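Same chain, two partners: chain A is paired with chain B first, then with chain C.
So, the complex of A and B:
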């Protein structure tokens, strides 16, 4: 559609205003992290720190086990994403390529699992993990996050496999590949971007969890994840908002970076299926 | 030997392989989702405090459900949940649709604008809570300064000890966290509309408004339906935002069914009662999404 100069000017102004309001909270997080304690306690507030306090980041990182928390979050994510991807790759492939009796209803069940409230599932899982001694261990999160991730990954991967023509495997099998060999040597390499996108999305899901970490790990400080750790800073030092903000930047940054550079992969996962 | 012989989809051929590939997922899902679900269903019919697997079974009772439906707390939680669902999903749709339509225009820097308009999606919920807890801080928060400056109030509002104020802080945080999902889904839907549709309509003399009404809206409808259900389910089940921001308070003004379930289980250690609330929440979620999507529920997948 053609637009006149004044129309596109209005568009840019509208865009600037909308983004300015909607993204202000993120800007404010960074500004607060870079301000001095005096600056964040002054009225009217200062919207730009006179001298950016980068030292707050090093201070928080050295005085708080932030790096340990981030490491724990990473371990839980690697474990749960790894576990979920292994079972989902096989299941997604099977759902895509075989028309099995009961396969469809199984697929539907897996999707219904997306509706499960975590606050319901956390109760029996707590009982089970307590009985087998997993409470306080990151392994509890690996399993609990898998309940969040598998319903997504299985269906996303099925969707990706559906886009790969069957002729590829057939050709490989004519050349003497076994069905499993065809899957590993032909289909999976072709599906690599899809696998990466799915794993990335699963990583974000695991990184965002708070409910399971709080329930299983509260009494095990050495296993705290980033989201659990930062909530213990809130309320304890009610007024040190610059330090909490700096910690929050540490935790939010990995996902923000992933989003900014790999957005189209993430969005692919988000909208998978819904457009059909 | 024909190629058909090698078609994996052919019935009777290599079915065992299909089942074998499904097996790990089925076993894992059975272990960590299905079995726990049965455990919680079982718990909901027992008067039980702390749940462990080796604890002796308590006698079957409907007491938890009886207590639930006569408890004013439960009805309060239902009411809070419904209010929050309505407010948050309506606002998420208003902001999400608005931003999506705005950046769907063709202009220089559109890709970047699309990226930034949905940026809050990438902020973890707990971090969003940190940001908004600070903005609504009662002593040095930005919102109090703004409210006084604009003249809405003359004194500091203590956002987290005032029931109505706390509800709105929760709602605003959830709207900010939830609207990008609507933008992203709407943009994906808009992208699936071929430019030809609009050109053909223009040739036929349709105005911009007519094009929007008769092309954009109908094509977008199925996507928006699914999106609405997903947003509602998200608000319905959310735990981290409310728990960290207000802990369900003050005076249970922000206590949704999810928060009530959790508090009964891990605050008061009434695991049986908590399971009953959780089961009712799950049933409500399933019924609500089936009602809204109806036969279209397949489209969700």
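So, the complex of A and C:
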């Protein structure tokens, strides 16, 4: 059915409004980073600074250890994504393909773990990490994030593997692959969009964490992640909101770049199973 | 190439027995079709043969080698799947050569054999494409190519034509038969389509509820079905079944009494008459019917009529109710509700035991 002119107009207006609502906070972050403190405080607010303060970015990069914080966030995210993906690829594949005794209950148990709020685990994890000497180490974040991420990624990947016909593995096995060989040579390459979407989701979960970093890393400044570091930029009496916004832009950039690079996989991954 | 021996293979899923004591000897180079309705166990048997499902018991030999406990890749068989199962991330050439690569064949040899096979199947111009860029028929050819390139000892085919449209199915059916004649590899083919079974097979194995009903060549199956199920399954439209009685060696049908085949004792029987054995006008046994429906196919007409007191509903024909059908070639005008003279030859009827449903003549 073709759209009429008025329907198209309504559709585009609707899309423009939704995009405006979604993009406005990002735009406002940039405007704040480029504004002077006086412009930030003025009423009515200015929607674009008279003279954009690009120097705020260089100032933040040179005067604050933002690059170190980003590096720590990156290490924690890569570690937790790597660990989570290794575990959840095998777990998701097993749940998808094998009808094991108790497998269904185990799957549901993993699902319930998804429902636990992250903060509920902070205290027991703190106790465990203190007893094994991981407090202050990025490893504590890697492990803590993995406990949070694995239930999500396992179920995401199980859902994705369910959409891949079993006949592909069976064909590979008839062609001479072992079951594990069929998984690595056929299933995982076919599942690339799902793997990319899941890994990105896991990366964002780890990157966005504050509670675990605040609890496990507070006394080890050299291990601070970006989200933890940025909160220390707020002063007791004076806060340079333009600098905090510039730092926030630095933190948001890696996720945006990854989204741009993985976009074509993500669309495929998130819409998998929507067609026969 | 090799023959296949399946000895007393059965398969249970818990208490559910899906395949019961299946035994079959397949000669080297033979084309055997397993056919039956959904859930009859034919695909399970094929998967057990391929090593994709373990048997609960029994033994399978390919050639002289016991392969019962071997992995699929060690059985030296190739399989064509219903949905083709082409690897979507590989090109056509890589798909065809995948099995050779897994067996450590040198790259130059793989390239040579892939090109040869692609040429045979007329997909040599598609070698660099990915499966998603192929039509259904082309995908089917690539799936066949992947099977034949390894020169296996046996081909297993699991409803390979069911995803094709009717025209392409007829064409590909002929191609597979021609390919089998050309390379002569032992083939086990699974289908639920009796026309595929009848047109392609050297021998057909008819299955129902995990049990073999009859193993025979297509002509024998049609002419001498072993039981009511086989009689109803083979033939299109299916055989007409009527309830009748034999008394004193004489059978009464449509008000006519005639000699029953020799050796048939007194009692109730099921009479089978193929729709194409019913003719228009006077004949050996003649009777009058009132058509309830007439379907014209151009060259022939399907005339439906009520069986009256002889009503018997075999499971396969429940969909057309208890009505009988006559397949009349080159018929003139036939109108619904207007009386019509039909006849059949008593020698062409089939008799089945009303209790055991086994053939009596």
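Odds and ends about this structure:
Everything below uses one rule, namely that the second predicted complex is superposed on the first by the 221 of 276 C-alpha atoms of A that agree within 3 Å, B and C clash if a C-alpha of one lies under 4 Å from a C-alpha of the other, contacts with A are read in each partner's own complex, and residues count from 1 in each chain.
Note that in this section a contact is a pair of C-beta atoms (placed from the backbone, for glycine too) under 8 Å apart; a residue touches a chain by one contact, two chains touch by 3 or more.
Worth saying up front: this structure is predicted, and the values here are computed from it rather than measured.
Contacts of A:245 after superposition on the shared chain: chain B is touched, whereas chain C is not. By the document's definition of touching, of the two partners only chain C reaches A:165; chain B does not.
When the two structures are aligned on the shared chain, A:186 is found in touch with chain C, with no touch to chain B. After overlaying the two complexes on the shared chain, residue contacts for A:76 are found with neither chain B nor chain C. After overlaying the two complexes on the shared chain, residue contacts for A:174 are found with chain B and with chain C alike. Of the two partner chains, chain B is the only one touched by A:118; chain C is not. By the touch criterion defined above, A:157 reaches neither chain B nor chain C. In the superposed pair of complexes, A:259 makes contact with chain B only, with no contact to chain C. Taking chain B and chain C in turn and counting the residues of chain A each one touches, the greater count comes from B. Counting contacts as defined above, chain A residues 170, 173-174 meet chain B in one complex and chain C in the other.
Chain contact summary for the complex, chain C toward chain A: residues 47, 50-52, 71-73, 77-79, 81-83, 85, 87-89, 98-99, 102-103, 146, 150. Taken in their complex, chain A has these residues touching chain B: 1, 3, 8, 11-12, 14-15, 18-19, 22-23, 25-26, 28-29, 32, 40-41, 43-45, 83, 86-88, 90-91, 93-95, 97-100, 103, 106-128, 130-131, 143-144, 146-147, 150, 154-155, 166, 169-170, 173-174, 179-180, 204, 207-208, 210-211, 214-215, 227, 230-231, 234, 239, 241, 244-245, 248, 251-252, 255-256, 258-260, 263, 267, 270-271, 273-276. Listed in rising order, the residues of chain B touching chain A in the complex are 3, 6-9, 11, 14-15, 17-19, 21-22, 24-26, 28-29, 32-33, 35-37, 39-40, 43, 51-54, 95, 98-99, 102-103, 105-107, 113, 115-117, 119-128, 130-135, 137, 139-140, 142, 145, 149, 176, 179, 181, 184-185, 188-189, 192, 223, 226-227, 230, 233, 236-237, 239-240, 243-244, 258-259, 261-262, 265-266, 271, 274-275, 278-279, 281-282, 285-286, 289, 299-301.
Residues of chain A that touch chain C in their complex: 165, 167-168, 170-178, 181, 186, 189-190, 192.
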